[in-house]
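Inspection log for the structure reproduced underneath, given as structure tokens.
Should a chain be cited, it is by its letter among A, B, C, D and E, assigned in written order, with residues numbered from 1 in that chain.
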């Protein structure tokens, strides 16, 4: 009635630094400036953002690149419109004193990974490592107690948790080994994109500006983190700041330096061929159909990255 | 006429019986003592063993926090965790109510029509065994993330114990009583509600007891899977987040809160059970009269 | 096969065995339980409207089986059984009360199920409870009653439903001789007022003779009718004086038949 | 002497009764028909409704795959999924056995010592409500990932229905029978096993029925949280895998397999139940004799 | 307070009421149920070893309550009750059988629980089953028996355990007169062989008089002893001929006492 367009975003996880840019945009009123009424719906361990968006329960979703490809293979009509993480942070942790100094050293150890995570499959099938896997649901207690385990995780999250529990770890990302799909991909349904291109454009413009401010302005970050703790009271300030600090390495890198959220067809093609080689994708997928970067504004990453406030983590 | 001896009281002076005429029931105080002391003793024992295990195996806090750690977490975190417990409680109650209604209805239908039992029961079993976690994402799509979905998950887990126990109870009615109703020309419906249901109350209530815990589990599983839809998260959310951040004491607090929620539900059922059965059913009567 | 045609319109005078008006007809009825036990061999009997038929016989000879079949509680394995009324009351050999209902509520139960209105059944129940001497126990639950008291509740319940046909399975067995005699008199008084037909199982020969227009003496192994005896001085509507001597003779006869069977 | 009429057979020619002397039991064929036809009819109906819903709402496969999609997935995927089902079956059986033993034992102890009931029962309720998912990581640390842990999770979920039903059954024994045992000087132990346990069989078996499904759920939840992946994973692994990779028909196949596993467990319990009760208990006797 | 000291060593001759040897002594025993109902007012009685005491009284007067207290099945609310033997058998007013055990297994049960060895109890059970006339039903389950047959199983079970003291609550109420008389004779035969003491509740005055060394006549509201009558011609070990006339007089007396109570 008042001319605002309502947009619901479903996150890939509970609200945390990984979704900080969106909360910052909300916090700063950037969405309102574009006449968008944005609601952010938190995700959870098995919340399937792709189906929620495809079925019209939400307009926008956040997830990793592989899930967009898998969705299309299953006939779920969604399309990526931005990729916040240029480099994929997912990888594995090992105890510093475990003697494992490379992926090769991790052969025949048990890997604690999220079931269905394509990174571990890449290491097995493409890199030819043999190892057993064990389900990971979020607690690294087992890893901390057992030096021989290889723990999948994020340097922004698991590594910090381990450190706080008094365990020094080494981190190896799958990206280093050659598997580097985008992450924190913003997607929408083909139908919504076709019918509301302007809303998508506006949403991206506000969101990418939010990300720029969140990364480059400690004041905005402070306010946003406080908001994050409000909507997610179990989140702690130090964890947020730690992740805030670390994640910038993955966002403001490569094409992301000049344009936050940038996507290239090379990267999407690589992903499709890698997933096809892994046997995860069995149907032929046209990489160009997976993404549409024509609505993405050019918001560069901040030239200068401030330090996190003293004692924030 | 025969020789009649009138009644001769015994020589021995009548001794006052040890327990004098029993009062209509044990006093409230005694009852409270009998029902409060044993669990409290068990609790203290449990706490001691808990602390001991930690000392002996030198377990780090993130593996098994001690009672003191948990207490500290509880006192700092009380606000948000109570809010989360409230959400879970709502979902569990809703799910429990839903399960009670539908489980009871299913059992009635199965008791009433034999053919329904043979046709329906296997599917009820199936329903119970459907790994909710697998289809909960679909629920989210259908009903949205949040209370409705989580309550539905809770109901799905809780419905079978109620249906199975109720059915077993309904089928165990004394057959002479059933025939009494038949002879009086009572329709099967009346027979069900006026005879079979009251006779099955003990079993129905046991089903509800089991369901009271099951529905809380269901609500939490729903929360794990379905996340929080805009609204506030319940205990499942608190547990997941604390697990990923390895805040084990906080996680234990959430676990304890979950148990508290189901104890509340359970206590409600147990109270109703006591009220309904105490006048006539074996399992609720005092041991001796 | 138990068929229940519409109840006969006219109620025949007591004592008749008129086929047309008979409330129940057993025609070569047999009963073999599912374990193969032959409890009742071909059995013929009819009970007229307003007629009281006593059944006596040794323990386990099939009396209960016979009246259960008549009431439709048990299937018939051979022969034909016709019952011409639905208005029947049954007093089980065991009390068969609802544990969670008090005495009054149990007594009113069957009448209530039959749709008798509240006022009528309350009045009937009050009378019946009074008749069985449980006026002081209206609010008691079954578990608070003695064995004999429970049986009396069961009897009161049957009476309250004002049946056309009463099936009673040793209703007075748990009662002392005086209560018992009193109950017999009450039952006859009721019968004079209402004229129900009845099948009455008892182990007391004098009771069988006192109440019955006919006395069916059964024998065991296999369960069968040994003799059907017409009472020489049956109870009548106008409460005519009974021929005590003739009745005593009948009792003698029943007794000798039962003894001979042993 | 009184006037005696000898017995006069009725004039009417005796008509052969409609059902002749019943045979000792329904023939196997008839029984099979009675117990197979209704669920099959229900199944066909269910499938039809399922397909219809898809047609009417035009649901895409990823939201709700149709019977045909699921069938296709089943036939292509049969090998690995059967292997996974075997793993889950093992865990569920182990957990079920464990729950049966410990639930039964707990109920016996509680029935035997009143004080144990008051002390233990609340904790059993608690045990049931502990969100397993939260403490499963601890199990993994203690028992390693895999069968042991998953069986334990299954046992934890299944133990309460067994304990609660058994206890209710044990407490409902006819008090005169109990007193008969007391008067004979039978120790409480004998009274429990020779009297209370057989009398409680119907309730115990209902508990086992409920537990049969619960243990399969438990095994799968264990696999979600603490399972092993790859070829040795159970259905929980298969379900998660297919869920994260958005393969809904395959996910449904796994869900159906899970249900099949619990139906097998359930059928075992039901068969034992029939055998144990058919001779004497109301709920298992034919309706009329 | 029910105390059970060691059983007295010597068994006194039947008919005595010698305090020292008494198996049971009621001293001003009272019973008030938890709902406040006063079922038994101060009650004094002792049952000697080898003595049979019959209890008669109107339905609901407290007979069952009295013997339940004596057996320790019900608490005593006032006075003192001493029982000097543990070797007691109890026949409940209802059959009280284990539904899943067949006749033989039910009959052997109590003996087995008391630790009687297999051969002995099997023999005793066979004799008892024969005595109650259920030889052909050894393998039957309770649900396959008639009411009277179930009571006989219950009786056989009590007998098989060879008690020093028998408590019987209307054991023959569900039996026909002939089976009943036969049972009385069997019971006396057994008594002559084993010399147990007994409390025997019955509604049959002739049975009370035939079996009892003493007959306790109870009255109702409140439950109390109206009179204790010594039998003029009690059963004896040597089966001496009984004085029928004197017994008939006693029966008369009991009858009048009961009637007076009405």
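Criterion: a residue touches a chain if its C-beta (ideal position, glycine included) is under 8 Å from a C-beta of that chain, and two chains touch if they have at least 3 such contacts.
Please read these numbers as outputs of a predicted model, since none were measured by experiment.
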item: For chain C, the least number of touch steps when starting out from chain A; value: 2
item: Steps needed, at fewest, to go from chain B to chain C via touching chains; value: 1
item: Most heavily contacting chain pair (counted by C-beta pairs in contact); value: B-D
item: Where chain A and chain D are represented by their mean Cα positions, the distance between them in whole Å; value: 43
item: Cα-centroid distance, chain C relative to chain E, in whole angstrom; value: 30
item: Sequence positions of chain E contacting 2 or more other chains; value: 33, 35, 94
item: For chain D, residues that touch 2 or more chains besides their own; value: 63, 133, 137-138, 141, 174, 224, 236, 243, 281, 285
item: Shared-contact residues (touching 2 or more other chains) in chain A; value: 46, 48, 51, 55, 137, 139, 141, 145
item: Chain C to chain E touching residues, read off their complex; value: 33, 35, 37, 56-60, 63-64, 93-94, 140, 144-149, 152, 169-170, 173-180, 182, 203-205, 255, 258-259, 262
item: Contact footprint of chain D on chain B as seen in their complex; value: 34-35, 37-39, 41-42, 46, 63-64, 115-116, 118-120, 122-123, 125-126, 128-135, 137-138, 141, 157, 160-161, 164-165, 168, 171-175, 202-203, 206, 209-210, 212-214, 216-217, 220-221, 224, 235-236, 239, 243, 251, 254-255, 258-259, 261-263, 266, 281-283, 285
item: Chain A partner contacts - residues on chain D that touch it in the complex; value: 60-63, 133, 136-138, 140-141, 145, 223-230, 232-233, 236-237, 240-248
item: In the complex with chain B, residue positions of chain C that touch it; value: 71-73, 86, 88-90, 92, 94, 96, 98-100, 109-110, 113-114, 141-143, 161
item: Complex interface listing, chain D residues touching chain E; value: 174, 176-177, 179-186, 190, 194-195, 198-199, 201, 279-281, 285
